[in-house]
Structure formats: structure tokens, C-alpha cells
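Alright, structures below, take your time with them.
The two complexes that follow have chain A in common; it is paired with chain B in the first and with chain C in the second.
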Partner chain A sequence: MSTVAVTPAANPVAEFASRHAGWLIGLGALALWELAGDYNLVAGGALPSPSEIIRQIWLDRQYLPRHIGATVWPALLGFLIGNTIAILAAITFVLWPPVERLTRGISITIFAIPAVALGPILVLTVDGIKPMVVLAAVSVYFPTMIAMLVGLKDIDPRPVDLIRAYGGTRRHILLHVRLRSSLPSLLAGLKVAAPAAVLGAILAEFGSGQRWGLGTYLLGSIGMGNPARIWEIGLIATAIASIGYVAFALIAGRATARTKQVTIASATPQDLAGTGGFTPINIAYAVGAAVVPFIAWWGIMKWLDLSPIIAKDPIGLWNYFFNARNSAVTQASLWDALLQSVPIALLGLAIGLAVAFGLAVLISTRPRIGNVFLPVALVTQTMPLVAWAPIIVLLFGRDLTTTLIIAASVTFFPALVTILQGLSLVPRSALDVLRTYGASGAQQMRMVSIPSSIPYVMAAARVAVPRALLGVMIAEWLATGMGLGNLLNRARGSLDYGMIWTVAFTSVAISILFYQLVTVVERAFLKKYRAGSA
Partner chain B sequence: MPAAVALVAAEAPPAAARPAPVDGIAIRDASKVFSVNREKFEALRAVDLTVKKGTLTALIGPSGCGKSTLLRMIAGLEQADTGTVEVDGLAPAVIRSSGRLGIAFQDPALLPWRSVTDNIALPLQVLGEPVKAAAGRIAHLIDLVGLKGFETAVPGQLSGGMRQRVSIARALVTEPMFLLLDEPFGALDQILRRSMNLELQRILAATGATTLLVTHGIDEAVFLADKVCVMQKGPGRITAEIAIDLPRPRAPELFTAPHFHQLSDVVAEALHGGH
Partner chain C sequence: MTKIIDTTMKRRDFLRASVAAAAMGGVASLGLGSRPAFAQAGTLNFQAAWINDAEFMGYFIAIENGYYADEGLTVNYLSGGPDVIPESTLISGRADIALTSPDTTIRAIAEQGAPFKIIGQQYQKNPIGVVSLASSNISSPADLVGKTLAVPPVNTTSVEAMFRLAGVPIDQVRIVPYQFDPTPLIQEEIDASIDFVTAVPYIVEQAGKEPVWFLLYDFGFKIGNDTIVVTEETLANRRPELVSWLRASRLGWEENAVDLERYPAMYADSWFAGTGRSTEVDTFQNVAQEPLQAHPDGYFSMTEETIAETIASLAEVGITATRDMFDTTLLEEI
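Then we have the complex of A and B:
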């Protein structure tokens, strides 16, 4: 019956190949790439060979360090500031839940702002490197805050009982249970936040008038017909983001290695979506959460004290959109842009999520595939989208396919990471029980892994919505000349400040709308899952 | 057969008008209803239970009859719907933050990232007592539960029984006056269980702690207890209280003594026969 550990067939070549499959495939791909580049096999020379790219880096060696420095420094500052705020906010939310409910609108807004729309506004309202720092900070706030919050809330109730039995308070529970058990989740959040900071900094350089920085460099290179230069910038931006990503991945590996939960906690996952029901208190909170962002917006504008023509507060924007001389034109062009951008963003979102879920399931059932795929996924996870969008444009042309590919790929990468994270957190003992009864991989998936990862799939979907819109807008801005992205770029060029605000506000509003839709679906799912797991 | 045994039916409590606060653990007329998926489930009905100061009461009963719920009520982790729970005349919330309560759950409930030593130190940290000063005591407790050499191991590296012993040591680390033990030896082998029974008896004799012990072992209950309370379920209630009048200290030979067996039979009768 029982099998003894079998030594692999004594074929040294096969053994070497299987052990180093990842490396071998990587080397093979690199060789193919070189050939394809040297002989201009892809998209009429849009794919330069690795050696060409290296040559380009060598040619640009004089200016590159300055461009890199000008991007990395604000990204790093923003990363630190944004994450500090995010971590403190999550802790505050856990200790005083009403604060979370009241500021939920602000959190969602920060998360839903497409960085490409916020960038021009920051450039209008603050000076120097501040737009980059702020956009980097804004970009990292939400992934870190939500990861920390999930980690702080999703705890084993048994040690909590113990602490309470010794008279422990919320503070003790935070100190001895929540903080430490949030660590894996927090590190996963920081891992995602690192590339986001780089992306934010680069995006804020667009139209900032800064002389140095990878974003400035990229924008200046797009029209020059030198694919090697575009690839150079894309690869360098990716490398920078990867350093942050890998650093946190390594720390996370150490932090979780020895301390996996030994037995399964009997609690169902926390409902992060909040408590449902139309009670007066809930309605009051919901209204509060919706009003607070507007108050904050108004307050910031008041505080910055800028010309009302440039810096619009809610009332100013309302007047521009409804009561100005050319409001009808404004409304019409916004409506056209929306019809071009939103459907494609949703389609890209659906494709990206579906592929991510399929791949995550595949990787977690067949670790071998993971060995090959994960390094690839890891690299792609860290690609700052904006640096790659021009490359996708180079490869696929300037039409809707490009937009769709960009929208799908921006949702795919973070979704894959989030879902894999959920699948890897499945308690060992729960899977052991099934394995004991000879459950197949598929059964393990169906009975334990997928149900317990549903909250993570939903989290991935929620995070993906604004990213899809962001992807679409970047593609439109840089390539297709359609939709919201193009409208924003044109408004920027013609100093139509009201239109910049209109597009920014609209894109946030759409993201929030879809965010709420996902939340509703998530509640329905969780309800079903709970009923089934009693 | 049970000639020399005092069998007190739970339905006949001493008929005092309004009982004065007693030393020890006192539960009066406690009921608890859980709602599971909107359906009401009566977990406990009108439970009266006292554990006199310095004595050990064993709680025995079929699975799901509410033993853990009762114990959690004493620790203030579960609120009774009706009735009162008092420890030395004080509410659970008061007594537990005084550091006089020690508790070991049915499940070890260890923090997976803490070493054995640090897990044992947790109650001290919660109570704001110095951990350094207790280092000697912790080392002694680790020795006592037979985990010497595993001080720095984390729970993932321990067996189920070893984890349970960590939780026993943790329950003892505050030198509690009141000890709540929920099947503390459930995951231990018979030999280890016997020796842990002896250790527990020794510790209780030395500290005089008032103890409520939930167990599924009749022999364990009779060996350790001054009183065995038998519970039945549907709804959970105490159906028999059996005084154990065996002299202390009790030696291992007791397990083979005829009187011990008589008492065990009475408990078994109350557990299996008497509905």
C-alpha cells in the first residue's frame, strides 16, 4: 500500500533538466528573443534584441543615472510616507471601527483615483518633486492599508479568548495577536506597493515639466522611433521595482516559514465589506462616508489657497460642468469618452481576472508549473505599467487590441498574486485531513482551497477595477487617441483645467461605482460560503 | 452496591433563601441559549455549580453537553442569559484581570510564532507582570510538563500532546488561585496522563488552588476530584453530584483500590445509566 520515497531515474541529464527547468526555459526564451530581435522577426523590428538594448544602455550611460535618481528618490519618499500612513490607518481602523466606517469613502477614493488622472492635478496644485512623492504615496496607500487591515482582522480567535481570559484588552490583542499575525499579509501588501510607488512617481512626471526622471525620459523618447530606448526604460523601471518587490518577498519568506498555523481556526473570515442592513445607524455611516471625501477635497483646496480657475473645489467643478457657457460641449465630450473607455476596461478586467484565477489554481495544484511560472509572474508583477504600455503599443499597434491587452494585463498580475496568496494561506491541517482520505488535487481545491480563497479572489477583483480603468486611460493617452485618457491629455495640452478635474472626478466615480458592485457580489458569495461551512 | 457514597441529586439544592456570597466558584441558575443559523439551541439550562475554596470539582459528561461553555462562562468569555456567575463573590471580569485565574482550553490555543517559553509567558505579559523575574518559574514549569530541551521550539515543531502540555504550563504560570482546565490531558498517552495527574495533585496541594476540571476520563475525575459533577445534554444540565471521600494525598496505587472502583462505578452509572 504505502510507497517508499522513490529516487528519480538515474538519468543525470533529465534530472538536471527538471531541477533547473525555470532557468533553462528562461535561457531558451532569451536566445529566441535575441534571434527574433536580430532578424526583426516581430512587428517589423518593434522588438529589439537584448544585445541591442544593452548597447542602448551603454550609449545612454551618461544621463541614465540622473534620470533614475530623479525617479527613485521621490518614489522612495512616497513609499515611506504612504505606507506609514497606511499602517497607522489600518491600526486605527481596528481599534476604533467607527473611524474606518466614516473614512471608508476617503480610502476608496484614494484607491480608485487612476494615477494618470491625479498626476495632472497634482502638477497644477503643488510644485517641485511633490507631485511625484504624493502620487507615489497615494499609489501605495491602499494596497498596504487593505493588506494590513485584512491581516489585523483575520486572526485566530483562540489566543484572543486566552488573552481575554486574563483580562486582556483590545490593546493586548493588538499587541500580542493582531500585529504579528498581520505580518505576512502586510509584507504581501508592501511587495505590491513597491512597484506601485515607482509607477506613481513615473506617472506624475508626465507633464510635470521636470527635466529629469524616467517618466520624462520615456515621454521624450516615444516619438523618436527608437524601440531599444523604450525597452531600455521599461526594463530599468522594472528592475527598480523588482528590487523592492524581491526584498519584501524574501522578508516574507522568512517571516512565514516556521510559523504556519498548525490547526485550523474555526472562525469564518471577517466580512471586510462591513455590516449590512438598512438600520438608521448604518445609513448614517454610509452618508458620512460619502460626504467626508467631499469635505476633505473642499478643505484641501481651501488650504492650498490657489486660483479657483486652476484648483476646483466641488462647487467649482459643479459650476464648470453644469452652469458654464460651454457646459453642453463638456458634457457631450465626456459622454463620448466614457462610452469608449468603460466597456473596454470591463472586458479587460474580466479577461485578466479569469486568466489569473485559472493560473493561480494551476500553480497551486501543480507546484512544478509554479516553479516555471512564478519567476515570470514575479517579474511581470513588478513591471511599472506605464513603462510597458509604449512597448505593447510598439508590438501590437495603436488600436483597441492594444488597449484591451493593457487593461487585461494590469488586472492580471496583481490578481494572480492576491489569489495565490489566498491559496497559500490555506491551513495545512485542513488539507492534510483531505489528503488522508486520498482526495485528489481537484477535490482539495474544491473543498478547501477555493472556498477559503474566495475572499481573496473578491479582494483581487476589487483592486483590479481601477487598475483596469488606469490601464485603458494610459493606453488612450499614449497611443489610441480615444476615450478618457485622450480627453485628459487634450485638456492638459489646452490648459482646460475644468476638463482635467472633470475627467479625474469621473474616473474616480466610475471606479467607486464598480468597486461597490464587486462588494455587493462579494457579500452574496460570503453569505453562501458561510452557510456552507457551518 | 454504592453503600458508602454520598449521592446528591442536583434537583435538591440546599434551600437557603438568598445565598450569601461564597468563597470559591459559584454558578447559580445559569442558562445559555445559542442561536445557530437563526435556530435557538439550548446549551445550558438552570445550572447550579459550586466549587468550594481549595477543592477540585471534576465535570464529566457526553460531548456537546456544555462543559466548555460552562467553563468559558466562569472566565467571562461567555455571558449567561440568566443566572449569576461569581468567583469569590466577584464578577468574572473583575477576577480575571486580578491575575487570580488560570485557564487551559480544550484546544492549546498557542501563538504559532512564539517559542514554548514565550507562549507560557503570555499571561504574564497580559497582566503586566515582569516576565524576566518569572524566568526561573517558567523554566521549572517546562521541566514539570516534560518539555525540557524544547524551550525555543515553536508550536509547529511540537506534537499535539506536547502543545497541550505547553498550555498546561501556561495555565500555571500566574500561580493562579482559580484554575479552569478543559480536558487538559486529552491528547496525552495513558502513562503520561497518570504522571500529569500526580503532578497536578501535587501542585494543587502546594498552592491550594480552587479547580474546575473538565474531563472525559472517569478514573481521572475520581482520582483528582473532591466532587464529580455529571452533566447530560439536551439541554445541558448537571444531573448528579458525587462526593469523592478518598483521603489525600492520593497515591497511584489508588487506581487499583476497591473503593476507587466503587466510586468510578457510581460515576459511570450516573453518566451512562441515569437519565
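Then we have the complex of A and C:
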């Protein structure tokens, strides 16, 4: 035996490899991709190699800057407007909780309205780049508002007690405690919002008839049978979204380090979940929350004053669905579509959340995995689905697998970011106690990290429900030709705005239903867990 | 009847306000197409059916060569796209003239009482057809039995009609959605797709495969496409301008036909700049579509026979068209 036994530390190669694992794996993946593209190994050549894509970018350099500018500018405006509204809304909700409870329906509605249904209406009501700005703003509102709200509510109660003892008001608490402690959570929300704004702007371009923009460029290119161009556009969109994400991640890294609580803060369940139970006042709020969106809907339709063929107010939709000549057909096709779409959406949601949770736990124990995996996850998130769809279809066919993959992939990334945020905010002192007693990483995870991240998992689940449904609809629209997505698409082709409103209304209603369900589960969980640990 | 006018007036105020607001925010300074949509005398807002490609060549020429200006018209050209529904643009008052699919327009009139009139049609034969690879041996609807056919969801009813007219049981064809991306066809993931036969065959050829195609029109579904549609209101109030528009647009198409390869290249850096389409594709399309739109009586013609065929074909898909949805008198005035 002439083999020389070396310890890993003494082996410079192994040391190098372990220190730069992320880079090495990344480079390896890139090399594999290049080979797969050059030799047409994936999907019969539909996957272009990185060098082909770079060549295509060079060929298209004349028009790219203008297309990029035309997408980035409205996305940026929408990002600023949507987030400003979201932050102000969250602050309002904390100062005057009844406002939050009454407008909860509107908040979820804004998030759950399918872009494919909103786009055609938006284009008819505002002109120029405004549809893109509005859709980008709409896309960022909910993730930011929820993140800000969680941040404002999940606070250390001791400084609050101190302020109260000295006669401080709710505004003092907001100023001195809540706003500061909300920063990490807000930044996590903004991280998710940045890619969403880009996506929103691109989606709106499909309906805007604009000459410039990455979405428009994609439309013109998609019929050219040139996968390198499709990937070029997708990767540029991804890069723009990633810049936004990484910028906020860097800021968050600094801010979190500064504001991280060094000792235990045990937020009370009431603060986080509100007061539960079927008291008359709660029921009144629930009814209010359900009625307010209808009033807003009716008011907006009144204000827009569009033809009743396009615009349906609540009463118009009711008549379309129940009293029109075709109502029986309308109802039958809606039920059929729901039965095809909803179960898949729920399954996709479950898979997406489970994967996100598993990965978040893995990443927080082994940060190096995060270094490798987060960029990949970000890419899957920000790449426009229209660009992905042909590849996914070529790889996985046009059946339920494809729908599940798309539904899970659009759900899991925001969930991952939110859960990671929760895990990173675990009170150090609690972990120190466990460490002192010699607890392993897994034990720390099980006993402290996971339980204290539960509010974040719940926040993630709430955000994920409408996304899962949207993911399924996009997959149906692009690949399978089934369910709600197909119904919507056919309705647009036959000027059947009644059906567009029906699908939009139904998907919002389903999202709200599950939102409430998650809230009930959360409340029950927090009650049990906090009571047990107090 | 005054509904449309009311809407236009309010729309005008709203747009003015929003343009002003946008200007304050520096949005308008980008000049990214905040198009005026006011119904001024001599100004027609024209909604096209798709993104800028050779399908709209004649209108680009009429704008560039001043044919509209010679008629005293200013034409605001509004590009289309997959989520732009031209009929909606008409109803909302943002456009005065739109290019539409006849089936969608007529269904909207028949079933929802939409106040539309069809005053001409660009394509005498709908360019929608079944495109496949020669190796699949698909030359008629019957050959699609047991095959996978990709259909844009908006064309589903037309395709169903084609199968019914050809006596082919539709449940023996696997229909999947089509997103105007020929890659699945080239990769043979699907056997055939429904698309404009004026462009896709060229793309397939470029990918080194041999394309074959047939029109739905040739198998009994005899409708045109890019029907020229206005509201009854516009027709009643702005008839002379509409006739002028038809005349100038026809001139544009006639100029185009003189040399079909001239204008696509000429507009490569203006109308077609940055669309993602190549000049070669637009040239191919410009040549391929010419036989589908030329007519002995001139472009846009609608004869009694054409209208009767359209009505009969649409009856096959359960859409009740009537003669009074078409108005041929403007064409007669050109």
C-alpha cells in the first residue's frame, strides 16, 4: 500500500474545493449546460447553450437597450408606487387595526386577481405605459404589505412596556419600536417584490400594444423558432429582477445584523393573530371585509363608465351568471374548469411549500447550500413563464406534471425567502441556552428555530395560495389547454367579458377562502404553541 | 345610441387628466406611446390586430407616403398583440376603426348586441391554416385523426367547424394550446399547428424541415380575416372620413403590390425596428399573403357571395350572422 493518507485539511485541493464549493458547482453546471446545448442533448435542441445565448445578445445589441429601458422604467415606477402604498397601508393597519380587518378583502383581491384577466381591462382604461406601471404596482403591493405588517407586529414587548409606562402613545411605539423592528421583514418583502414588479410590467406589455419592452420583444420573437432569442430575453429579464433582489438582500444583510434582537422577545399571540372567536364584533368585521371589495368594485365600474359588454359590476356579473340566456352553459363550464384546476393548485401549493420549508431549514443549517441554491431558485422565479413554457413542455410533456411543476415553482420561491427570513431572526439567546446544554444543530432547529419561524411560514402560505392558482392557470393557458386558464383564454377570444369576470371573481373568492383558512390554522397553532412555551 | 358619445367625452377628459398627471411625473417625457385618443375631426385611431408585421404593410405605406394626409386624415396607428382585443378598443372609444376576426365580431353583435358594422375585409381568405412537416403526411383534416394538433385557444371554434364540415370526429384529434411558437412543431413534439400560413412555413424551412399546409378556408370554413369594423355611431357620424380611410388604405396596398419585396426592407428600421422578426420573414409574409387579399374589385371587397359564405360558415359554429351586420356601401363610394 503506497497510498499516502492525507487529512482533508492538509490537502490544498480539498481545502480549495470546500471553500469555493459554490463557485465550482456553478462552473460545473455552466459547463454541463454548454455541452447539453452544443450537442442538442435537451429537448431536441430547444435548450441553447450559454455561448449561443451570448452570441444572440451580441447580434441583438442594437435594439436591446431600448427594450430593456421600456420594461425597467415602468417596473421601477410601479415598484415605487406599489411599495409606498403597501408600506403606508401596513402602518395604517397597525395604528388602526379595524382598517386592516375591513380592507383585508381588498388587499387579497389586489393580489389574487389574475393578471391575464386584469391586463385586457387595464389597457382599456389607462394608456401609454400606465398599464405596466399599474400591474407592476399591483404585483408588489401584497408581498410588501404582508411583510411590513408581520415586521410591525412581531416586536419585542419590553420596550413597548417601557414606553407605555412613561405614558407613550401608539404613535410613539410605532416610531421607536415597530418601524425599527419591521426593517428586516420589510426588506425581505421588497426582495420578493422586485422580481414581481418586473414580471408584472412584462405581463402588461402583452396587452398594451407597446412597440418597445422585453414582453413585446418576446411576442415578436416567439414565432421565430429561435430558442436562443427566447432565452436571451428570459435571462435579461431574470438579470434585471435579480439586481433588484440582490440589492435588497445586501441592504437586508447589514440591517438585520444591526437590529437583530440579542435577547428573547416573546410576541404575544394576540398581537400576531388578532383576537379569535365568533363574537358579534368579529362577525361584523368579517362581513365588512367581505362587503367592502364589492362596494369598491361597483364604484370603480361606475367611475370608469365602460360599455356593459366589457365592464361588469357585481349585479351585472350576477345576472350574467344566473339570469342570462347562456347561464346554464356558463355554470357548467365553470364547474368543469374548477374541478380541473383547484385540486392541482392545492397539490402544487403543498409541494411548493414543503420544498421551500425543507430548503429553508437546510440552508439555515448549511449556508453554503444557500450560496449555490439561491441564485438557481431566483432564476426559476424571475424567468418569465412564457419563455419557460416551451422548454418545460418539451421536457415534461403537456400533462399534469407540467402544471404541477409550474404551480410548485411559482409558489416556492416567495415562501423560501419569507421562511428563511423567519429562521434568520431567531433570538440568539434562545439558541445560546440550547448550545450551552450541548444541543445539536438539528435539536436547535427543532426546538427553537422552526417554532419561532411559524408566523413566517403562515405568512408564506397566505401569499402562496393565490400564486399557486395563478401558476396553474398560466400552465393551463400555455401548455395543457384545460381548466380555468383555458376558459379565460377562450373567453378573451370570443369577447366574452362576462366569463373573464366570472373566472377572475372565482379565483379571487377561492384565494380569500384559503387565506381565511390559513389564518384560522395559524391562530390555533399559535395559541397552542405559545401557551405551551410560556 | 348616445352611450358611445357620452363614453368618448368622459374618456377624453379622463385621458387628458391622466396625460397631464403622467407629464408631471415625467412619464410622458419618455415618449413611449402616450397616444392621443381623442375623437377629433380628421383624426382616426386605427387599432391593428397584431404586433407590427407585414400583415399591416398597406397601412404603413399609406401613412409614410402621405395617402391619408392627401385625404385630409391623420391616422393614429395602434399596434396590437395577443392581449389586445380590437373589438374592446372600439367599444371603449379608444379606436375608431379596428381590424378584427369576423367570428369574434359577429358573435359579439349577435349575442351581446355590440353596435358593430363590418365595412370591408382585408383577407378574402382567412390565412389561418394547418401547418405540419411534410414527413407527417397531413394534407387534409382527415389526416389529423390520431395526431396532436396545437390550436391557439381563440381559434378553437373555427377548428371545430373545419372538422365538422370535413366530417372528421373531433374527439379523435388531440388538441393542445398553441402559443405561436413553432418550436414544438419543428421538434416534432406536436404533429401540426394552427397558425397563419403566411409566416410559419418560412420559419420551419429555415430550421431545415420541409413544411406543408392547407387553409381552413379550402376545407369549407369560408371566412375572411382582418375584417374592418367600426361602431354604428362612427359609421353614422363620420362616414366621409371612413370612405377616405378606405380609399387611402387601398392605395397603400396597391402600392405595396407593385413590388412586394420593396417595403418590408424599407421599413426594417422604422415600423419593424426591434420587433424581433427578421426582414426575411416579413418579406415572405408580404409575398405569401398577397393572393389571400387581392380581389378583382379591389382590396377590402365584400361581394354578396363572400358575405353569404361567411354567414353559412359561421352558422356551422353556432354563430348567427345576418346580412345587415355588413355594410358594403362605403366600398362602393371609394
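What we mean here is this: the second predicted complex is superposed on the first by the 490 of 534 C-alpha atoms of A that agree within 3 Å, B and C clash if a C-alpha of one lies under 4 Å from a C-alpha of the other, contacts with A are read in each partner's own complex, and residues count from 1 in each chain.
Please note the rule applied: contacts are C-beta pairs under 8 Å (C-beta built on N, C-alpha and C of every residue); 3 or more make two chains touch, one makes a residue touch a chain.
Because the structure is a prediction, the values reported are computed rather than measured.
J.: Clash or fit: how do chain B and chain C relate after the overlay on chain A?
T.: fit
J.: Could you look at A:G483 and tell me whether it touches chain B, chain C, both or neither (first, second, both, neither)?
T.: Touch partners of A:G483: none, neither chain B nor chain C.
J.: Using the touch definition from the top, say if A:S221 reaches chain B (first), chain C (second), both or neither.
T.: second
J.: Please indicate which partner A:P451 is in contact with in the superposed arrangement: first for chain B, second for chain C, both, or neither.
T.: Neither partner.
J.: Using the touch definition from the top, say if A:V177 reaches chain B (first), chain C (second), both or neither.
T.: first
J.: Rounded to a multiple of 10, tell me what angle the C-alpha centres of chain B and chain C make at the one for chain A, in degrees.
T.: About 150 degrees between chain B and chain C, seen from chain A.
J.: Who wins on chain A residues touched, chain B or chain C?
T.: The partner that reaches more residues of chain A in the superposed model: C.
J.: Of the partners chain B and chain C, which touch A:G200 in the superposed model: first, second, both, neither?
T.: In the superposition, A:G200 touches no partner, neither chain B nor chain C.
J.: After lining up the shared chain so the two structures overlap, which partner does A:K130 touch, if you call chain B first and chain C second: first, second, both or neither?
T.: Only chain C is touched by A:K130; chain B is not.
J.: After lining up the shared chain so the two structures overlap, which partner does A:D161 touch, if you call chain B first and chain C second: first, second, both or neither?
T.: First partner only.
J.: Minimum CA distance, chain B versus chain C, superposed model, integer angstrom?
T.: 36
J.: Residue numbers of chain A touching chain B in their complex, please.
T.: Contacts found on chain A: 156, 158-159, 161-168, 172, 176-177, 180-181, 258-263, 531, 534.
J.: Could you please specify the touching residues of chain C with respect to chain A in the complex?
T.: 3, 6-7, 10, 15, 18-19, 22, 25, 27-28, 30, 32-35, 37, 47, 51-53, 78-85, 87-89, 91-92, 94, 103-105, 107-108, 111-114, 151-157, 175-177, 179-184, 186-189, 195, 199-200, 203-204, 206-207, 273-278, 281
J.: Would you mind writing out the residues of chain B in touch with chain A in their complex?
T.: Touch residues, chain B against chain A: 36-37, 72, 75-77, 93, 96-99, 101, 103, 105, 107, 109-113, 122-123, 125-127, 154-157, 163, 170, 174.
J.: With touch defined as at the start, can you tell me which chain A residues reach chain C in the complex?
T.: Contacts found on chain A: 43-46, 62-63, 66-67, 70, 73, 77, 116, 119-120, 123-130, 133, 205-212, 216-225, 227, 229-230, 305-307, 309-310, 326, 386, 389-390, 393-394, 398, 477-481, 486, 489-490, 492-495, 497.
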